[in-house]
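You will see chain A twice below: alongside chain B first, and alongside chain C after that.
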Partner chain A sequence: MIIVVGAGPAGLAAAKSAASKGCHVTVIDSQARGGGQYWRHQTEVSGYKSNRSIDYLHELQQNILITHITGAQVWSAEKLGDGYQLNYLQGGVEKKISGQKIILTTGAYDRTLPFPGWTTSGVMTPGGAQSLLKGHGVVAGKTIVVSGTGPFLLPVATALAKNGARVEIIEAQSPLRWALSPLALLLNPGKFPELIHYVSAILRLKIKVSFGSAVTGYHNGEVNISKVRSNLSIRKKNVRSATADVVATGWGFLPDVTLGGILGCAQTLDRDETVIFAVDREQRASVQNIWIAGEATGIGGADLALAEGAIAGLSAAGSRIPMALIWKRFTKRLFARALQRSYPVGAGWQQWLTDETVICRCEEVSCQEVIESVQELGAEDARTSKLFTRAGMGLCQGRVCSRNVSDLVASTTKCAVSRNERLAASNRPIAAPISLGVLGDGIAG
Partner chain B sequence: MKSPDAIVIGAGIVGASCALSLTNAGLNVLVIDRGSVSSGTTGAGEGNILVSDKDPGPELTLALRSRDLWFEMQEDVGDYFELEAKGGVVVARHDDSALMKLASHQREHGVDAQVVGQAELHNLEPYLHPEFHSGVFYPQDAQCQPMLAAAHVIRTVIARGGQFISQAKVTEVLVKDSQVYGIQTSKGKFLAPIVINATGTWAGEIARMAGSDLPIAPRRGFILVTEPAPQYISHKVYDSDYVANVASSDADLQTSTVVEGTRSGTILIGASRERVGFDGSKNVEILRKLAAQATSLFPVLRDVQLLRAYHGFRPYAPDHLPVVGEDAQVKGLWHSAGHEGAGIGLAPGSAALITDEILGRPSFMDASAFSPARFAMAKV
Partner chain C sequence: MSNDISFFFNGEKFTGAKGQSIAAALIANEQRELRRTRFGEEPRSIFCGIGICFDCVVTIDGVANQRACLIEISSDMNVESSL
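Up next is the complex of A and B:
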């Protein structure tokens, strides 16, 4: 049996293609419904062309070769004989599932950058605002500033506006950066109607858009907006302010690499130093009988995830990969590379901070404390700084802040963040919190 | 750069304490580490400063003195590392005779070991499982934040004229006519007539570079960290099996549980003992056993979420005693290593022993039991 972890685009494509070759597949996912963060709710707010998901979700529900385990949090994984065992929590009870082959499609979460006021109420990620809307039908606020960088701001902003919010988009990068990637645009003509779709929605919904700007402060409903350079350093501070009851700010995505890390799959750094998994031509990880597809092998969006998932599913089923699929993945990867080039996240955000700005929100560690841990106590990397300040030791286990802490420590020591530090920071032995009672009850025999 | 009087290899708590003690004795000290401060076993430590888990003998004498030196170090360096005499409570699940015998033996050797009955025990630890009806309270047991301690001690050394060089890997220990005269590192050569090997699990490697030999091996220990919880646990609480485990040379996995709260509200569950090489593999079964033992001590912990787990490698010698003293073959090469799970607690005491010996002044105890020469003699 093949176990697919995650029911987003990559996981659904993997399950569908493996089942098409007659394999039994179990898809295990933390949500009650399939589709992942992107497709979870098939409503009109899902974004451009999200009706593609119908075929895949239909397959998930109807194909007798596919079993769907919902509401399952995989907290750890172990090698078991020549296969693997996944330990997961479902409704407060621990369960185990084992299989010969694993396809990991664990997706990604919003990347956050700190700014004065980012921990106050009213600030959330675009993904958070989208989940509220899709999952609970709640529009996060009356007046919403959607800010940060990347194309994901568009579906979030338009969906919020469609549901009655007054929305403004503040994009840090200039759209002219797309001129750097002519080949990617040429090979992905399907992206143009998508762009037209969003541009017309923005015009129709009267969404104000500004480029080359960022939210660099938020206090009591007042949003401070500064002009920024492409590396996010400040060109002109506080050029204007806006009032908003919600600021949804996101800086692209970070892959969730925890589970693959527990299984010992080799990680590497993407061009923008994001930790991803190293996979071969057929999406095979470094560990035998594990495939990885989707955002965990590099942020690229649903189209790339679908191609990678399909390839992983076929490979796990022992089938030949059609050239057309390889070509599709190639063009989508090219587009993903263009996304990185068009929406870079430089280290200039550190200029937005004051001494008191919190950098680790779980443990309430300030920027100043991290800098002092370097200057006064001799911390030279995020790990030592963490031991001194507790930055990254809280509930989220550094998922939100560890990359930012690394960058802040590096600018203080005036050294680049080492490859090993980036990789080590993503290493977490427990993929989801588990109560001690449940954990202890699971003792074998 | 001025040539130092002594070089300390290792910026964990053992090396840092040595550097401070030598600096305070008037020596100019250079501290070298292949990483940064606290980047080895100190960074994975719980911060135990225990007298309760020691059998009467030289290690207990060292532990008692060392515990007091921790508080002197706090006076000297400043109150920066969360040093706290929180006290230990040791309980026995079924038969408490071994525990009571040990406690009475410890009392004869200067340990404050107070036998507590049912009512008093549950007064000390209200959330303890009701099946525990007796125990021993050790008010001297203390705790610190070891990474902060090492960092502030090194900072004090630097403020008093010492130096610290990080990210310098030792590649050679320079020896001529059985006398050490310096080290070669990835950041250059440093000369001094005294070199102190405080490299924990890597101590054997440094000894070999000097042409000597030190049988120090790593032992893996796990620590579980929970989400912040209400203050359920007031002391360091552990099962009396722990005492037996420390002296065990059984290579099989044995787990025993030390449970304690921290200032940040997280609960630490530690002390699995397993002898392995330097492989960092995680083992879900160890996590489960530690969790089961912790919840059997404190049922209230059943609903507390585990956030993370980490492991470190404890350096130990075959006889489970620390190695503190001058090398048997190479003059000027001193070792302070092999403290196993007690390195934080024994660090300042070991530093005092080495400083006293180097200066030729009388010390608080006879340190021959810790001499590196004991292994050479065992071979003959």
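Up next is the complex of A and C:
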């Protein structure tokens, strides 16, 4: 049996293609419904090409070769004989599942950068605002500033505006940066109708859009907007302000690499220094009988995830990979590279901070405390700084702050973050917190 | 969606729709603050909204550190701000 972890686009494509070759597949996912973070359909919110998910979700529900385990949080994984065992929590009860082969499609979450006021209620990620709307039918606020960088700001802003919020987009990069990637645009003509869809929605919904700007402060409902350079350093501080009850801010995505890390799959750094998994031509990880597809092998969006998932599913089923699928993955990877070039996240954000700005939300560690751990206590890397300050040691295990803490420490020591430090910062011994009681008894409290 | 499930948050009664998370149901009722932080006692709401950041942790029926953005409301559930 093949176990697919994650029911987003990559996981669904993997399950569908493996089942098409006659394999039994179990898809295990933390949500109540399939579709992942990207395809959420509890509430009717029309988005571009959202109907594409219907085939995959139908397959998940109807194909007798596919079993779907929902509401399951996989917290650890281990090698067991020829195969693997995954340990998961479902409704507070600890359970296990084992299989010969594993396809990991664990997806990604919003990357965030700190700014004064980013811990106030009302600041959330674009993914958070989208999940409230599409997953739960709740518009996050009445007046919303959607800020950061990347194409994901567009579906979030337009969906919020369609549902009655007054929305403004603050994009840090210039759209002219797309001129750096002519080949990627040429080979992905399908992206043009998508762009036209969003531009016309923005015009129709009267969404104000600014480029080369960033939210650099939020206090008592007032949003401070500064002009920024492409490396995010400040060109002109607080050029204007806006009022908003919600600021949805995100800087691309970070893959969730925890589970593959626990299983010992080799990681590497993407061109923008994001920690991803190293996979071969057929999406095989460095560990036998494990395949990895989707955002965990490099952020690239749903189209790339679908191609990678289909390849992983066929490979796990022992089938030949059609050239057309390899070509599709190539063009989508080219587009993913263009996204990195068009929406870079430089270290200039550190200029936005004040001494008091919190950098680690869980442990409430300020920017000043991290800097002092270097200047006064002699920390030379983020790991040592973390031991002094507890930055990155809270419930989220550094998923939100560890990259930012590394960058802040590096700026203070004036040494670049090493490859080993980046890779080590993504290692977590467990994938989700579990109470000792559940661990001991197998049941909650 | 019809709001036909009632639950308690810090002793106050709220209603939400079936399938809604605790955080979504509270935000829909303009209750944005979910807890106060341990050291600074700063108000916190949801942040990542998908179970990654643990900013929205609450105590549910006596079980601490539960993510309000993930757990769906159920009838007479007792939700309290964690500290």
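Brief remarks follow.
Assume the second predicted complex is superposed on the first by the 437 of 445 C-alpha atoms of A that agree within 3 Å, B and C clash if a C-alpha of one lies under 4 Å from a C-alpha of the other, contacts with A are read in each partner's own complex, and residues count from 1 in each chain.
Note that in this section contacts are C-beta pairs under 8 Å (C-beta built on N, C-alpha and C of every residue); 3 or more make two chains touch, one makes a residue touch a chain.
It should be emphasised that the depicted structure is a prediction, and the values quoted were computed from it without experimental measurement.
Applying the stated contact rule after C-alpha superposition, one finds that A:433 touches each of chain B and chain C. When the two structures are aligned on the shared chain, A:390 is found in touch with chain B, with no touch to chain C. Of the two partner chains placed by superposition, only chain B is touched by A:377; chain C is not.
Judged by the touch definition given at the top, the superposed model places A:37 against chain C, while chain B stays out of reach. Legend: residue contacts after superposition of the two complexes on their common chain; A:190 is shown touching neither chain B nor chain C. Using the contact criterion defined above for the overlaid structures, shared-chain residue A:78 touches chain B, although it does not reach chain C. In the superposition on chain A, A:135 makes contact with chain C only, while chain B stays out of contact range. After overlaying the two complexes on the shared chain, residue contacts for A:127 are found with chain C alone; chain B is out of touch. With the contact threshold set out at the top, residues 394-395, 433, 444 of chain A are in contact with chain B in one structure and with chain C in the other. Of all the residues in chain B, the ones that touch chain A in their complex are 35-39, 43, 147-148, 151-152, 154-155, 164, 166-167, 224-227, 264, 266, 269, 282, 284-285, 287-289, 291-296, 301-310. Looking at the complex, you find that chain A touches chain C at residues 30, 32, 37, 42-43, 92, 109-110, 112, 119-125, 127-132, 135-138, 140, 256, 361-362, 364, 394-396, 399-400, 433, 444-445. Against chain B, in their complex, chain A makes its touches with residues 76, 78, 87, 262, 363, 376-381, 383-384, 387-388, 390, 393-395, 397, 428-430, 433-437, 439-444.
Residues 1, 17, 19-21, 23-25, 27-28, 32-34, 37-40, 42-55, 57, 62-63, 65, 69-70, 72 of chain C are the ones that touch chain A when the two sit in their complex.
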